Structures are given as structure tokens and as C-alpha cells.
Amino acid sequence: MLSGREVTTAYHGLVAISAVSLEVAKGEIVCVAGANGAGKSTLLKTIAGAERPRSGTITFDGARIDGMAQHMITARGIAYVPENRRLFPRLSVRDNLRLGSYLYRSEADRDEPLALVFKLFPRLSERLEQRAETLSGGEQQMLAISRALMTRPRLLMLDEPSQGIMPKLVDEIFAAVKRIRDAGMTVLIVEQRMAECLEIADRAYILQTGRVLMQGSASEIKTNPDVRKAYLGL
Amino acid sequence: MTAETIIQSLASGLLMGLLYGLIAVGLALIFGLMDVVNFAHGEFLMIAMYATFFLFAFFALDPLLSAPLVAAALFLFGAVVYLLVVRFAVRAKANAGMVQIFSTFGLAIVMRGFAQFFFTPDYRSVTHSWLGGKTVSIAGIFLPVPQLVGALVSIAAFVALYFFINRTDFGRALEATREDAGAVALVGIDKNRVFALGWGLGAALVGLAGAIMAIFFYIYPDVGAWHWAASAACSVRLPAASSSVWSKPPPH
Amino acid sequence: MDTSFAQRRRRDLIVAVCLAAIAALVPLFVKDVYVQNIMVLTLMYAALSQSWNILSGYCGQISLGHALYFGLGAYTTALLFTKFGVLPWFGMLGGGLISAAIAMALGYPCFRLRGHYFVIATIVIAEIALLLFQNWDWAGAALGIDIPIRRDSWLTFQFTRSKLPYFYFALVLACVAWLVTWWLEDSKWGYWWRAVKDNPDAAESLGVVVFNSKMGAAAVSAFLTAVGGSFYAQFVSYIDPESVMGFQFSLLMALPAVLGGIGTLWGPVLGAVILIPLTELTRSFIGGSGRGVDLIVYGALIVLISLARPEGLVGLFSRRRKGAVR
């Protein structure tokens, strides 16, 4: 479904990811893990079109998307939830959600993903009229994911959804990710909390200083002795 | 000064204030949306007034009828200005603040120059129109009809704008872009399109004001500079600017 | 870093002395009055733009109302001379001081405004002043003041037979404005301005001292501009509100700096040397019939420079110099 080949991205001449190749098949949950500064976020930004790759190609459902404008990539079915969420803070929860379905004209198309959103995060339905900035960190993350779901994506990309959130809500969010996959979407997730992430993922990539260090099924990665020592602290 | 004259000048000041408010709303819309002051806003007004004048001179079209046409033309003009000039100005890496100011300011100077070149510095006026010169007396206070209609049009435009921004998808997109222009791509909105439409809308509002002001103000290449200053004063939230300092262009 | 900065400054000074010396010799070879006239105006606008650049470029407070100070300088000199017989040199000083005082009085409330509003405020204030002078009967109102010609002398600063004295005065003025800028670059003020530019956080933490330094910059800038205006009144010996306080002066003071490089030492000089001869030549080619053409040229230049080369034309030179070193 999504395939990146030899993707290299640089900021101001500093290479953030270098010749990274990855594949995501339909219906998978793929986890990208690695230490701070390993290039995980850059990888997602590049796929989403927020950064342009210096070289390499990215294809989505067979069509090249590298170099395409970011809003066009969203329109093609890739929803991206950035690390800092980028909600519209002074707009209401309802308006944030409605903006998610901006691309659709008919009310039916707009309401359809709403049912899923309220099933995943019932507490959002109680806060529809509140401004987004008044939500707690965890609720904001839920809203950011929900807004992304409103674009009815085929691929959902999450950057560090657990960051700055109470542990209890983290579990809730990971559970939601699984249910999102069960609803027919594909998920690419970047996480520092590798252990939890590997629990729900099918496959995983480990990045180190901008390169792919290791890849494989989640169970392979989980049982790899080097990973256990270096990343899982076991 | 009797109480009557005070009320009289208050009333006409209020009417003019509403028209200036229409210009200022256009300016504020653009400023709020992308933090750029349109220093050519007065020149937008100037070409709107000239457009009204020429529609009158060549097609005998009354300013009231040409107002929607002028507003539509200004809409296009504003969007084009964004796409050709401002879009590049906001990308500047060096001297960003100065570039933002001088790009639209330079445009203002060019427009004034073209107006002098093609239209000559002569004062023009719409010599006769349905409303021009008419007054109406309400409870002993005489109000000029063009200004009164201008005020009503302004109020209608404010209400329409309010509903447009609060009740439509595009209005919501406008608000979102104003909140975080970098984030709208996440929901598939092209921020350049929103900006272009925002500029178009701001220009259309000033076009509407210009068409009506053409009924009772002289039209000349520098006319925008004056009204611009007045409306800018409004948008710095001074009370409705209609003191004598601002009213240099004499009504006729 | 430190030594290269000091080296650059020394090199700038040497270049400036050489250029000034060459400029001083030019009139010995160029006798044509029309060309001399253009040279005087070029030097004057170099000086004016350099003064404008102190406030607007280095300090980041863009003013589009400097015609106010120019006009005040011209009017103070002309009024003191025609009404009270005071020599222009005192008028020059007086006009400078009045302008500096007014600049500080305006700066006090206006520096608190955000960038865009400051620009608007300067335009509006200059236009109001223009209106006042147009309606001030004692000062000649819209008709202006004819400065009576006595005899050619440095005392009355009047020269009818030759333009050379004006040329040398303009050259000195340009050198002074340049030297003030050169000196400011390495001063405490210059350092603060660099720190504050495009960094509002630094502005907050430096708050009061920066505010005071901006007031200083406004005063210096206005003083020098007024001296330029005073000089201009003597040079043309007839002034009216529109011809010394009109908006085009605010424009013509900003334009060389914008063209050459705003906030740079050499930008205003380079810009004036390119722009002023160019506009004078186009004016004499097109003549009076093409009203508005000058505005179109100025405006188009402003738009093009700010979009295509916001760092100004001096960038071309320094880049080439760096390339040569490599």
C-alpha cells in the first residue's frame, strides 16, 4: 500500500533520514521505533508531504506522492497526526471535527466516520462545544486522532501518540489504534514506548541515526536479544 | 453650537464611520488571517472608485447597480494580488518584516502611478446618480441619502460576513487557517487557496465601499491614501474616525 | 570572528575615505551644470537614506514619514532667514534640534505600537503635518516661501554662480551620515539592535535599554534628515509644503536603502548612486507629460527588490568578494 524507497531528507544540509526504505501493507499496524533524534518524526513528515525528500521515491497505492503538496496527500487518503497534534486551539471540538471532513460535501459522508469516533472516544461526545485548548492532554490526542479519522483515510500515521499523557489514557489510545485497524484502516505509528507499541503492531522498523537498523515482524523484534537489551531494558 | 448641530454631525459621522468600517473590516480580515497589513488597501479603494466612475461614464450605470460588479472585480483583483505578490512576500527569509511592508506598499505606489498615467491626476466625479445630492429628514435631522444607503449596505455586509464566517465550511476553514495556517493541510485544506480567497473577500468589501463612496467623493489617483489612513485608524480601534482631519476629500 | 569584524570595519573606513576623495575630485573634471546638479542630489539622497536607514534599517522601526523632518529642516531655515534674518547655519541647527525633539515625542508612544502600526502612524503624522503647513498663512501656506537672494557667500550659504559649494556640502553631509552609521554599527546600540531584530524575546528582556536606544536612533535620524532638508531649501531657494514635505520624499529616502540593502552600511550609498541619476535621467527623457511614470518605476522597484532580493543589491558585491577570496 505504502512504499518508500531509499528516502533521504535533510534540513539545512543536515541529513535526518538517509536511504530509508519501508513497506506498509494494507490492514497492518506498523511500528517505527528508535531513540530520540533517530529520524522517526522526519520519516512521517516526509511521507505526509510536510517535508520534501532530497532523494528517493514514495508511492501510495501505486502512485508517486513524494514532492506532492501536503493537502493533496491528505486528500489521497493519508491522515497524519503530528507530534504536537496541531489542533485549532480556539475552535470548538465540534468545529475541529467538522474541519476534518472538509473534503467531503455530502452530510452522509461527513457523519459516517463520526460514529466510529464516538465509539472509540465516547468522552469527546460530551465535550463537543468546548474549545480544543481546554481539553486535557489525553483528550487533545484523542481529538487529533479523531480529526484525522474524519478525513476517512486509508492510512493513518501517528507520531508519538503517548507523549505527555497519563498512563491510563495511553492504554486507551493503543486500544483505539487496534480498533481503528479492525475498522479497515492501515496504521503507521511512531513510538518511543516500544514495548506497548510492539504489543499491538504486526511489524516494526527500528531506526538509528537516520537509518533502518532492523526490521521484522513484531514477535521477531520483541524476541531479538539485542533489542531486548538496548531498547526494552530487559 | 446647538444640540441640533451636534446630533447632526454625530449622525453623519456615524454614517461615514460605518462605511470606513467596511474598508477596515477588509483590512482586518487580511491582517487577522495572515498577519500582513495590506498597504495597498487604499489603492484598492481607488480603483474601485474609478471602476464605478467609468461604468457610469461609459455605460451610464448607476453606482448602486455597479456596486456588485465592482465588488466581484475587486474580489478577483485581491486574489490575484495574493497569488502574484503576497504569496512570495510571506516566504521571504531575509528581512521578513520589511518585505511584508514594502511588497504591498510598492504595489500601492505602482497602482497610484498607473492611475496618474492612465486616468490623469484630474478630479472626477459621478455627476448624477439616483441617490446623489438627496437628503432625507428624520426627526428634524437631515441625513444625506448616499451616506445613509452606504451605512445600510455596510451593516448588511457585516451581517453577511458574520454568517459566512460562522455558518459555512469556508468560513470555518478561514478561522482554522487564522488559528494555525501550517495545520490546515492535515485536513486537506490548501492554505494558499484560503489566503487567496481571504484577500479576494477583503478586496471585495473595499470594492463595495468604493462603489458607494464614488457617489459623493471626488475620484483622483491619491484618493485611496486618505481613506486608507482613516480606515486604518478605525482598525487600530480608535473610535469611528470622522474628525475633520480625515475628511480632506471634499464631498460635492 | 572578532578580528574579522574589526578588519572589515577598518576596510570599510579605508574604502569610504578613498571614495570620498575620488568624489571630491570629480567636479574638477565634470563642469556640466546639469550633471553637477544630479551629483548634488545623489549625495543628498545618499545622506538622507543613510539617516533613514539608522532608524528603519538598523533599528527595525520602518518610517515612511521622514518627509516630516526633511520639511521641518527646510522650513525652520527658510522661516528664520526670511522673517528674522537668522543665518541658515543656525536654522540648520535649530531645524535639526526641533526635528529630533519631535521624533522623540512621536517615538515615545509610537515605538510601543507593533511594526505595522508604527509604519501607518508615521505616514499619517507626516500627512497631517503637510496639511498644517498647507494651511499655515504665516509660513506662506500652500504658496510656500521664496528665499531672497543676497550675495554668494558661505555665511548666508547662497551660491548662484556655481554649484560646487553645494556639492561639497552635500558630500560632507553624506560622509557624516555614513560615519555616524559606521560608528553606530560597533556601538552598544548597534549590538542591541542586532540582537532585537527579528527576535521579540530578546526585545522583551532588553526592554528599557532598547527603548531608549530607539529614541536615540530616532533623534539622530531626524536630526540628520532635517539638516538635509535645510540644505535642500538653500539649494533650491524656494520651498512649498508639497515640494519639501510631500510623501514622495519619504519614499525617496527609503528607496535607496531598500534598493541597496536595508540595514547595511553601504546599501543607501549604492542605492542612491544607482537610483537618483536613473530617475533624473528618466525625468528629463519623459518630461512633464508622463506624470506617474516615476511612481510606477519606484513602486515596481520596491516590489521587485523586496520579493527577489530582500537583502538588497549590496549582497551581490559581498558574495562576489567572498567568491574571490576562495
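Order of writing sets the labels: A, B and C. Residues in every chain begin at 1.
Quick note on the criterion: a contact is a pair of C-beta atoms (placed from the backbone, for glycine too) under 8 Å apart; a residue touches a chain by one contact, two chains touch by 3 or more.
Bear in mind that the values here come from a model prediction, so they are computed numbers and not experimental data.
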(request) Could you tell me which chains are in contact with subunit B and with subunit C alike? (result) none
(message) From the C-alpha centres, identify the chain that is farthest from subunit B.
(response) A
(request) Could you grab the centroid distance between subunit B and subunit C? Build each centroid from C-alpha atoms only and quote it in angstrom. (result) 33
(request) For subunit A and subunit C, let me know how many angstrom lie between their CA-based centres, rounded off. (result) 56
(message) Using mean CA coordinates as chain centres, what's the gap between subunit A and subunit B in Å?
(response) 44
(request) Please set out, as single numbers or ranges, the residues of subunit A touching at least two other chains. (result) none
(message) Residue numbers of subunit B touching subunit C in their complex, please.
(response) 31, 37, 39, 85, 88-89, 92-99, 101-103, 105-117, 120-121, 221, 225, 229, 232-233, 236, 245, 248
(request) Spell out the residues on subunit B that touch subunit A in their complex, using ranges where they run on. (result) 169, 172-173, 175-176, 179-180, 182-191
(request) Please name which positions on subunit C make contact with subunit B in the complex. (result) 60, 62, 64, 115-117, 119-120, 123-124, 127-128, 131, 198, 247, 251, 258, 262-263, 290-307, 310-311
(request) Could you pull out which subunit A residues touch subunit B in their complex? (result) 49-50, 69-71, 74-75, 79-82, 86-91, 95, 98-100, 102-103, 147-148, 150-151
